[in-house]
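First chain A sits with chain B, and in the next complex the same chain sits with chain C.
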Partner chain A sequence: MAVEALELTDATVVDLATTTLRELNQGLHDPGGQRRWRIVNPNGAHAVACGLDAEISVEIEGHVGYYCAGMNKLATVRVHGNAGTGVAENMESGTVVVEGSASQSAGATGRGGLLVVHGDAAARCGISMKGIDVVVRGSVGHMSAFMAQRGCLVVCGDAGDALGDSIYEAHLYVRGAVGSLGADCIEKELRDHHAAEVRALLERAGVEDVDPTEFKRYGSARQLYNFKIDNAGAY
Partner chain B sequence: MLEEKRAQPQDGWNLRESYLYDRHVIAEIQRAAREGIYDIRGFGAKRRLPHFDDLLFLGASVSRYPLEGYRERCDTDVVLGTRSAKKPLELKIPITIAGMSFGALSAPAKEALGRGATEVGTATTTGDGGMTEEERRHSETLVYQVLPSRYGMNPDDLRRADAIEIVVGQGAKPGGGGMLLGYKISDRVAEMRDLPQGIDQRSACRHPDWTGPDDLEIKIHELREVTDWEKPIFVKIGATRTYYDVQLCVKAGADVIVLDGMQGGTAATQDVFIEHVGIPTLPAVRLAVDALQELGMHRKVQLIVSGGIRTGADVAKALALGADAVSIGTAALIAMGDNSPEHDEDYRRLGSAAGFYDDWQAGRDPAGISTQDPELAARFDPIVGGRRIANYLRVLTLEAQTLARACGKSHLHNLEPEDLVALTIEAAAMARVPLAGTDWIPGRNGR
Partner chain C sequence: MCGIVGLFCKSTELEGRLGEYLGAMLAQMRDRGPDSAGVAVYRDPAPPGSSKLTLYCADPAFTWDSLCADLADEFGAAEIVDERAKHCVLVVDAEADEAEAWIRRNRPDLRVMSAGRVIEIYKEVGRPEWFAEAFRLEDFSGTHGLGHTRMATESRVTTEGSHPFSTGLDLCLVHNGSLSNHNRLRENLRAEGIEFQTENDTEVAAAYLAWRMREGATLEQALEGCLEDLDGFYTFLVGTADGFAVLRDPIACKPAVIAETDDWVAMASEYRAIAVLPGAAEARMWEPQPRVVYAWEKVPV
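This part shows the complex of A and B:
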């Protein structure tokens, strides 16, 4: 199911130019029956809508700073702008959508849910991911999916250097060029069920103009899972 | 001609061992040549280091008067996290249990730490790998570590913790990441950490979503927002450039700083790292207190010191130098039975001996503490272990109170550097207290 823009007529509107971040986040933590929220004038504030734990939807009209939607559970957060470092870090579940671009460490250590970045994501996208799915419409920077453990990273554009360095069992799919692969990361065959996995993720992300069979698949060679001195040069 | 009886080589009197190449060095060179990998082990630094043993208390006499033992009060309580948290930790004793992971330790051992700490009114701490139900259930006050790996980290556990500890480093390996070797990655450990079973698990040495003090400030702010500003936020650092690190932690907004000297223990680290990186606990305490005092934040941002705390004397000396509390790890394991002579036969089968065992990384601990083997773990009774922890914590507290009363102090926190002298020039310079019998503090006032 694609993430769709929400009808906002009955949304609670919070203006961060006149409301403190603490008041906003406390309200989002105790939403009562209010399921739709709209935040205006975020002006790059950090930690906007972090720690949510309810099936609510939050539309943010502008750019946010670090850790927007950090540790999200259940909620749907959509940023109509760019996001700073660590958007949706350690997300458990729910959906976070960035209409613009995201800074470094997008989706870091996320354990579940879906992060969609419609622009580019910077370095370390999906670092230490533990089950989150990340779809980037543009390109990702260097060291993306570093030590990635579980989940899928789908990059419709290019990936920077050292993709998937020290990767564990996460699935990486890149449509464009890869600067270089990190230690123990190798290209693997894209089979039908992999293309199906990409197709399903693109659908959920609302990306319709990209062919899932155009992606290349990368994953762990599993050569560094147990230390061997003959591999010392790879560390 | 007299036939002099020559000493036979087997008597050993004619043999001279090299100071530079002693038997341990020879064994290690040959082990390295044979195995082709550095030595990874548990425990802390084994080399001799300047420590609290090099300090003495000046008991009261004519110029000071003491408090009566057993009759006059000497309080021990401490409150941690008074700077910003809505719910600071109120502990009955200033000795907490340091962060040690489920994975490094067995589930019953973690439970015992919680039981013991709870019995005497203090806190215990999770570790790399997340929070187990056993330790949460049995720990009245539980500090939840946020580590670079974020293994097992989730917002639910963050909210049900009593305090949050951002781990930047530890004394045994400042600048190093974690390591849990394959033989300890059981199914349960693997599941909690989202990893394949049986692999050698490496933990990153840097946090994935922040770098440096300015980012740390924002990270602390996020953790406060996620937990509605209720929980005290600790920052744990290994002792290196302590003066600057402590000031940066204060600037970043920490409520409590946990400072781990190089004697601090580890479950698995390269021997070369344990023995050659970081500074001892003794100078580190002094540097940290200097940094806090210069900012006017001493006692406002609390300081917990760890790394080689074994006795009530160590507790009292750390507090006298300005710490608000101390933390124990290695000593807690020993209290629960690690390295006990009762396991000597088993230790010898593993090529070690009681009193020497440091293969906590290997998961074959005969005491059932540093293992994930169900049979070995079953040897350890968490109720007995908890009782031993509580007993040991009580003894540490009583010993510290004994020393404080002798110095005329009605609270452990009233101990001060003026109560101390040093036995060695090194300790005098590092702790900045006078060499015993002199008024000489090396380096002070150009002397």
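This part shows the complex of A and C:
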């Protein structure tokens, strides 16, 4: 099911021009019965809607700074703008949607949940991802999925240099060009169940105009991440 | 960590508020660099045949009148046009490099912050809000300007170690990052006859750019040379007489965002510095790619 923007007629509106970040985040941590929140005037503030742990919906009207929706659990956070470094970093579950573009390290170290970036994501997207799924409608920068362990990174555009360097078992799907592959990352055959995995993620992300069979799959050659006695001399 | 801001005015209305906006942008970057602040503003060109120097004296009791008289004796005419917090701007009836060389030779107690026809550089230890007040930033009108808030990592917190650094006539550099080969490069540049005032890494990058351009490189070529010759992290913003240029190192872990409207082009370490500008929410905005030189120039009317 696609992530729909919720009706927000009964939302609690928080204006970051007049409310401190701490008050906002405390309110989101103790939401009581209020499931719908709307944040205005974020103006690039850091750590907006961090550490949420409830099934609430948060709409952010504008651009946010670093670590927006970091450590997210259960909540749905939608940024109607761009996001700075580390959006949805270390996410556990829930959904984070960036309508614009995201800066570096989007979805870093995430353990679960879905991050959708409708624009581009910059360098190091999905770095050290551990189970999060990331769908990028545009392109990602260099060193994306560095040491990626688990989860899927779906890139509808291009990927920069050193994609998947030192990758473990994350699934990488790129529709466009890849600048270069990182150490131990190789192209693999896109089988039917892989295309089905991409199709399901695109659907959840609400990306409807992209054909899942157009993607190429990349993953680990598994030559690097196990200790090999033959390499002992190199350490 | 450090904070960088730059503002290039496309409309004359905005030019009148250049300093006010630069100050507001710097204040947003305070927690990226609370120990020093500085700006370069491009305004009020010196008349043809003359040049403009920004000088600094550590002694707050220093009076600039006698220096001005000495410059007038040497070059025929000199005038104090501005004085702000230990900084003085003089217009001298001489080529900028001659006037600068004279100061360096005869007044080792003074620092030449900038030299050229349009540039003025002001910088000091302290927080950006204090800086904006002490240097009356809201007074400044001009075509463009850039600024820096410093969190020192490579050398001492001093006025001289603050940014911007002059990189030649009407040129300056601000830097977020740290260079690891600056000691070796400084020695190489000294061998080319370049003088240094500090142990600061950014001063070496500034000197490198100045040296490359002295040897005939364009600004763009000099910046591209950084990709080969500098080791370390950097987002650079370079001010020129007509505009500014941006370069990020290949790793690009130091942030940068660029935004543009019909009225201005702005660059900053983070969007929150740009958010203070009129129409920021609707601006076209992007993150500059690593290794790519981005440049804006005032188109001559």
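The definition used in the following text is that the second predicted complex is superposed on the first by the 226 of 235 C-alpha atoms of A that agree within 3 Å, B and C clash if a C-alpha of one lies under 4 Å from a C-alpha of the other, contacts with A are read in each partner's own complex, and residues count from 1 in each chain.
Rule of thumb we're sticking to: a contact is a pair of C-beta atoms (placed from the backbone, for glycine too) under 8 Å apart; a residue touches a chain by one contact, two chains touch by 3 or more.
Quantities reported herein were computed from a predicted structural model and do not represent experimental measurements.
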item: Touched partner set for A:Tyr225, first chain B, second chain C, both or neither; value: first
item: Which of chain B and chain C A:Gln26 touches, first, second, both or neither; value: first
item: Comparing the two partners chain B and chain C, which touches a greater set of residues in chain A; value: B
item: First (chain B), second (chain C), both or neither touched by A:Ala54; value: neither
item: Touched partner set for A:Met71, first chain B, second chain C, both or neither; value: first
item: Contacts of A:Asn82 with chain B and chain C, given as first, second, both or neither; value: second
item: Touching partner for A:Ala45 - first (chain B), second (chain C), both, neither; value: second
item: Touched partner set for A:Ala123, first chain B, second chain C, both or neither; value: second
item: Chain A positions touched by chain B in one structure and by chain C in the second; value: 65-66, 85
item: Complex contacts: residues of chain A adjacent to chain B; value: 21-22, 25-26, 29, 46-47, 50-51, 53, 65-67, 70-71, 73, 85-86, 89-90, 92, 105, 108-109, 111, 124, 127-128, 130-131, 146-147, 149-150, 166, 168-169, 225-227, 229
item: Chain C-facing residues of chain A, complex; value: 43-45, 62-63, 65-66, 81-82, 84-85, 100-101, 103-104, 122-123, 141-142
item: Chain A-touching residues of chain B, taken from the complex the two chains share; value: 35-37, 149-150, 153-155, 158, 182, 193-196, 198-200, 202, 204, 208-210, 215, 218-219, 221-222, 225-229
item: Chain C to chain A touching residues, read off their complex; value: 28, 252-253, 255, 257, 270-275, 281, 285-287, 289-290
